Amino acid sequence: MAVTDFPPRSATALLDRYGEVRAHTEALAGPLTAEDQVVQSMPDVSPTKWHRAHTTWFFETFVLVPHAPGYEVVHPGYDYLFNSYYEQLGPRHPRPERGLISRPSTAEVATYRSGVDGAVRDLLTTVDDHALADVAALIEIGLHHEQQHQELLVMDAKHVLSRNPLRPTYGPAGVPAEPGPAPTSSGPAGWVDIDGGIVDVGHGGDGFAFDNEGPRHRELVEPFRLADRLVTNGEWLAFMDDGGYRRPELWLSDGWAAVQQGHWSAPLYWEPDGERWALFTLHGLQPVAPAAPVTHVSFLEADAFARWAGARLPTEAEWEVAATTADGLVQLDDSVWQWTASPYRPYPGFRPAAGALGEYNGKFMCNQMVLRGGSFVTPAGHTRPTYRNFFPPPARWAFTGVRLAADA
Amino acid sequence: MAVTDFPPRSATALLDRYGEVRAHTEALAGPLTAEDQVVQSMPDVSPTKWHRAHTTWFFETFVLVPHAPGYEVVHPGYDYLFNSYYEQLGPRHPRPERGLISRPSTAEVATYRSGVDGAVRDLLTTVDDHALADVAALIEIGLHHEQQHQELLVMDAKHVLSRNPLRPTYGPAGVPAEPGPAPTSSGPAGWVDIDGGIVDVGHGGDGFAFDNEGPRHRELVEPFRLADRLVTNGEWLAFMDDGGYRRPELWLSDGWAAVQQGHWSAPLYWEPDGERWALFTLHGLQPVAPAAPVTHVSFLEADAFARWAGARLPTEAEWEVAATTADGLVQLDDSVWQWTASPYRPYPGFRPAAGALGEYNGKFMCNQMVLRGGSFVTPAGHTRPTYRNFFPPPARWAFTGVRLAADA
Amino acid sequence: MAVTDFPPRSATALLDRYGEVRAHTEALAGPLTAEDQVVQSMPDVSPTKWHRAHTTWFFETFVLVPHAPGYEVVHPGYDYLFNSYYEQLGPRHPRPERGLISRPSTAEVATYRSGVDGAVRDLLTTVDDHALADVAALIEIGLHHEQQHQELLVMDAKHVLSRNPLRPTYGPAGVPAEPGPAPTSSGPAGWVDIDGGIVDVGHGGDGFAFDNEGPRHRELVEPFRLADRLVTNGEWLAFMDDGGYRRPELWLSDGWAAVQQGHWSAPLYWEPDGERWALFTLHGLQPVAPAAPVTHVSFLEADAFARWAGARLPTEAEWEVAATTADGLVQLDDSVWQWTASPYRPYPGFRPAAGALGEYNGKFMCNQMVLRGGSFVTPAGHTRPTYRNFFPPPARWAFTGVRLAADA
Amino acid sequence: MAVTDFPPRSATALLDRYGEVRAHTEALAGPLTAEDQVVQSMPDVSPTKWHRAHTTWFFETFVLVPHAPGYEVVHPGYDYLFNSYYEQLGPRHPRPERGLISRPSTAEVATYRSGVDGAVRDLLTTVDDHALADVAALIEIGLHHEQQHQELLVMDAKHVLSRNPLRPTYGPAGVPAEPGPAPTSSGPAGWVDIDGGIVDVGHGGDGFAFDNEGPRHRELVEPFRLADRLVTNGEWLAFMDDGGYRRPELWLSDGWAAVQQGHWSAPLYWEPDGERWALFTLHGLQPVAPAAPVTHVSFLEADAFARWAGARLPTEAEWEVAATTADGLVQLDDSVWQWTASPYRPYPGFRPAAGALGEYNGKFMCNQMVLRGGSFVTPAGHTRPTYRNFFPPPARWAFTGVRLAADA
């Protein structure tokens, strides 16, 4: 993970930001009981408690151990338990077994968090100017990393709660409202026309970016059109009513297999409610709102929908060009992530960072599709137009949606 | 489940006993954290919280709903969540998904327990003499049922904790000590000779018994000998040192398959500790004590061990005859359960009770082996010489051990 | 495998018998194409070609290699390919992969068979009187072993053909007709009353028997009744019409799980044919004949049927006593095998033979149920009243049926 | 599948070509026994017999049924058995069960082939000029389709034979020799420098092409270098000796998982032979030849190798530009297929054909990587520089290899 032109900032300002981000994680976990925080509902999901501990381990491992003189790790077993996937840091607890770990308790994890927070604070108030830039760069990465886990924490907890037949709510307060209609969603989506050409794509300027957003490079984009808003639940219902989940000719082969094996007949979390549909939200079961953007659909479904609609998904270069040049697009990064037609692959000239942090992004560049934008759960300021999110084609538990494109 | 000659007792005495048994469950759960009580470490294991709720549901369903006028269930969803396996009571939550249920919380389960306890108390203080016998019989069953779950709760929680690489302890206090040596274990086990003949087997007299213990019936038993004590860890180490887990000729075909697929090289919970072996106990990792009885061995291992020792396992009829007629046997019911050579099948003339309670025992009479005796976790007074415990041949997480037999 | 009181016989007579048995195997394989003989339709099924080779390997390994001076094995790789389950003879080809072996071809297997046959003939014509008894005993075992595989060959080939949507026939000729009605099947089955007492069970006299049939020993049998004929298809249809496959209270827990997971709604090989049922036979798809005995039912189904009928299955001791003492029983050993209520366990005092042949029977004495009698495919003279066949409780592809019993 | 500018040709010339292609399939199947042709060694593999029948079904379904007046299908069941994946043509036999179908026999499949061949001949000699172009276009597709299956037939049969512990050979004659060294492979590979620019990619001119090769479109390619020959076994051995299969930092996450789950330590079909390595070929087990191109490596391995070598894989656009513009490249299409860095996705403006033939290529455009070139088994004249082959990232049983690229 490379940090491009990281702006030097004062230790005090950094500490303030550190405190805010760390507190936001705790606020998101706040409505969840100790019991909620232990459960792992599928191998892709991690327990809330694990997210809280893993983000802490990240600071301990990459900031404190190498840079804080005399620092001693809080518990020698945490390195094994809370390493997510860094092969170069040694053996680690199997991901599908994260839900078997009742201890450390949520209270002990809170202690772990405050212990590391204290040590980071001590480090930042004592580090000399010479080392500050390095430490600050690592903390900046750790904070962006923690923001990613904030969104994962919410979507994972939603999945955990959804498996409970009592249909519990995440909480009446403390969690964001799921997105409502776009201002323009009362009528059909409009098309925004965008010129093509040789364009620069990827991050290249100042400010933080993840390594997978660069290098900035040239791409040839032909003229195209992009929908001004996201696909709505109402439009998805029309697709369903037209036999969308029963017509193999609309689907990729992997998609049709997923429909049959997974018995898909609607987005994830939708369930029949008499003659209508309801969906499970962070605030409990609610009627499907036709004008709200559809979410919890996989790439495979997004692709089938686009084919049914006589359109296509945008490439990630198209999306990025539009997001940085076009007027009139709404729901760009505050509603749900938008599947693109682009497999997640390295940009030309991509080189991961040396050491364990080099495993952060690059090694997942296979069998995943890129999403662009951001969601209502994404922490404010976390994403950029060059930001590349990614999930496997069948994944549905993230806050994912669809924006259509077409040839000009 | 039939209750034979249930002695009428006063409502007050029954209430006292009810309070004691219910309190013992809570005492066993006491050392476990809220997080510990949620985890399900394999499909055969149930979370502590589930045991606490299920035993409560049993009283609610079989005592309060049919017999307490005006009783309203605590929560309409609990019937689905906390029914274990009673097909006749409608759909229920899949067993392998018990670990996904974070709510009701442990606190809510405690509330559920106290609510039902209050209603049972009210019922017993207001029931007329005419109905008392029926209600008392059902409560008696419920208490024996809860005692069974007390042992399951401990062995399940031990399994949960064992999967945690931090090797937590169940608790310094509040749980029984795992069994130590028999008084006679300093030398080789002695043989007790027992006459054969046509004997009466099974429960037939006064007092409570489960339906699978009857009818009392005749069996022909040839003269045999039974070891006066259980097989020890030291004897098991000799089996291991002699290649016991590497010699297919000692094993049933299913046993050898289990050895290879499960990579068995010692009893469950044993792990190498340098040159020696340690075992995971309710009180943490401890050195293997050679004179203590071996435990956490499957029927398949017990069978192989007996073959290696030039002996065999007793039949359940032999065990019962010996337990009721022979002197000189130790560790009969206070140490670990003893595998027999007998598949778990109905006694001649067995008829399960009508209704859902008829599913209690009879429907499991296939592919299980009978164990006799009792363990150090079995509640005092819970078992009898006619008591039939049963587990599948490869099961190892119960407190199971071995007593050898031989032809006379 | 012990041979009790094997009668010395002339080498010539033995050779005649050898030739007959070996030729019968080839006759059974005759209607099958080379392609038919390669396929393995499930792990429990072996390809026809494999049966032909394995029975040959048995003679090569247990008779020729130890007893024929200068004998050289036909192919060094066959020991690995055609050992079924003898752990003491070294590594062997995994059972579920028998269908991957296209070579040796069926023609090469025929050559293998004739080569071994020639060597056995040479051995028997040159062996001195001193060694004849030993060799003859081993050949006798080999012939009984081959007869067992003759039945397996037919039932396995039937399963292979059944998986082909073209519904091919085994052959118009060369295979036995599936069983028709019993003489007495026009009305309800009659009960034959049988006295109890202390009886001798198991093989103890002259003539060949497998080791698992002994030792002969005493058992106590209470008075009981046995149906004079087998359960018919018509009676099974009544069970089905009465919701037999939809009522959990009729089933063992393992049985109900099998019904649901296997989507059982009729015996194996039955399929709807408009308003009626058809069944797949060795001679193609045929209408279900109401008076013919039901077959291809598992123990789990037999047990449920008996419960529905208000009866039970006989124990194997009861069956044996009746078969040797009672008049009026039909379809004892020439129709379909009869499930008993008895798990397959060793008789008191059972000791398997030394060496690899000791693995023949004893090591399977776990999680299997005993069947008694014989089927229309069983070679004439192969079975005895003491003969113990066995299959796991859910197995359905053998020619299995049901005879009911009841308490007197 | 679109045919671009298909040149009208005489019926006679087409018939000659038809005869040649069809005969080549039979020649490839010639060395295989009837038994060899039935086996399916893994779900991705199809039996030889199935390939022979499926390619015949293709002509029957897409040419004869719609265009040959009065044509009656050879067998009504073949439509179910030999449809590969055309959802729009109705239900079909499950792919993993193709190895269960012993009938039709290989002889019946030969009859099927000759019957269809005769009907095609009749059709072509009687079709009027008006309809000839349509029929000829469909036959052309069928012949290219059959050529694809010729290569699949060989690679599938190789996999089948490889699973046999007897290590049989495909045949001493009748199958091509696996590729030997490139002329230039005695020293290190050389780099060929290629200019970038806006280039036209994809098929756009005359002659047959599959639909996935178009539309021809513009792409921006930066200057790059391409290895003049393929990676050799000797270079792969150096990768292995340097711990290539034991160093997670070289691998994509999916790759490292495959290494561990599949116990990969060398390419498929390599096995230790004392101190050296041997590999299983169409002609039996042979020593690894250091100068020959490595084959049977997955994309995941190719990617790790390129990283280890300090290079990368070419994109498919780069490969195509080089193949059509650069001098000095050897082993382009006659040795082994070459993995590219490009996921298999539709070209801009891609539209699959209407009807069932539209399923030919487009629906697989997910989770596959593109390979370019051709192999020693690819029928002469079958491929083009625009030809897009594709397999999933972990696939190893195709004749796949590696050509390295680098930034200029």
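The chains carry the letters A, B, C and D, assigned in the order they are written, with residues numbered from 1 in each.
Note that in this section a contact is a pair of C-beta atoms (placed from the backbone, for glycine too) under 8 Å apart; a residue touches a chain by one contact, two chains touch by 3 or more.
Keep in mind that what you see is a predicted model, and the values were worked out from it rather than measured.
> Quick check on the contact graph: shortest path length from chain B to chain D, in steps?
2
> Going by average Cα coordinates, which chain is farthest removed from chain C?
Result for the farthest chain: A.
> Chain B to chain C: how many Å between their CA centres?
About 37 Å, centre to centre.
> What whole-number Å value describes the gap between the mean CA coordinates of chain A and chain C?
59
> For chain C and chain D, what's the span in angstrom between their mean Cα positions?
Centre separation, chain C to chain D: 47 Å.
> Touching pairs of chains, which are they?
Chains touch in the following pairs: A-B, A-D, B-C, C-D.
> Spell out the part of chain C that touches chain B in their complex, as residue ranges.
For this pair, the touching residues of chain C are 85, 87-88, 198, 217-220, 222, 248-249, 251-256, 300, 303, 341, 343, 345, 348-349, 358-359, 363-367, 393, 407.
> Quick one: which bits of chain C touch chain D in the complex? Just the residue numbers, please.
Residues 33-39, 41, 49, 77, 80-81, 93, 97, 99-106, 160-161, 163-166, 168.
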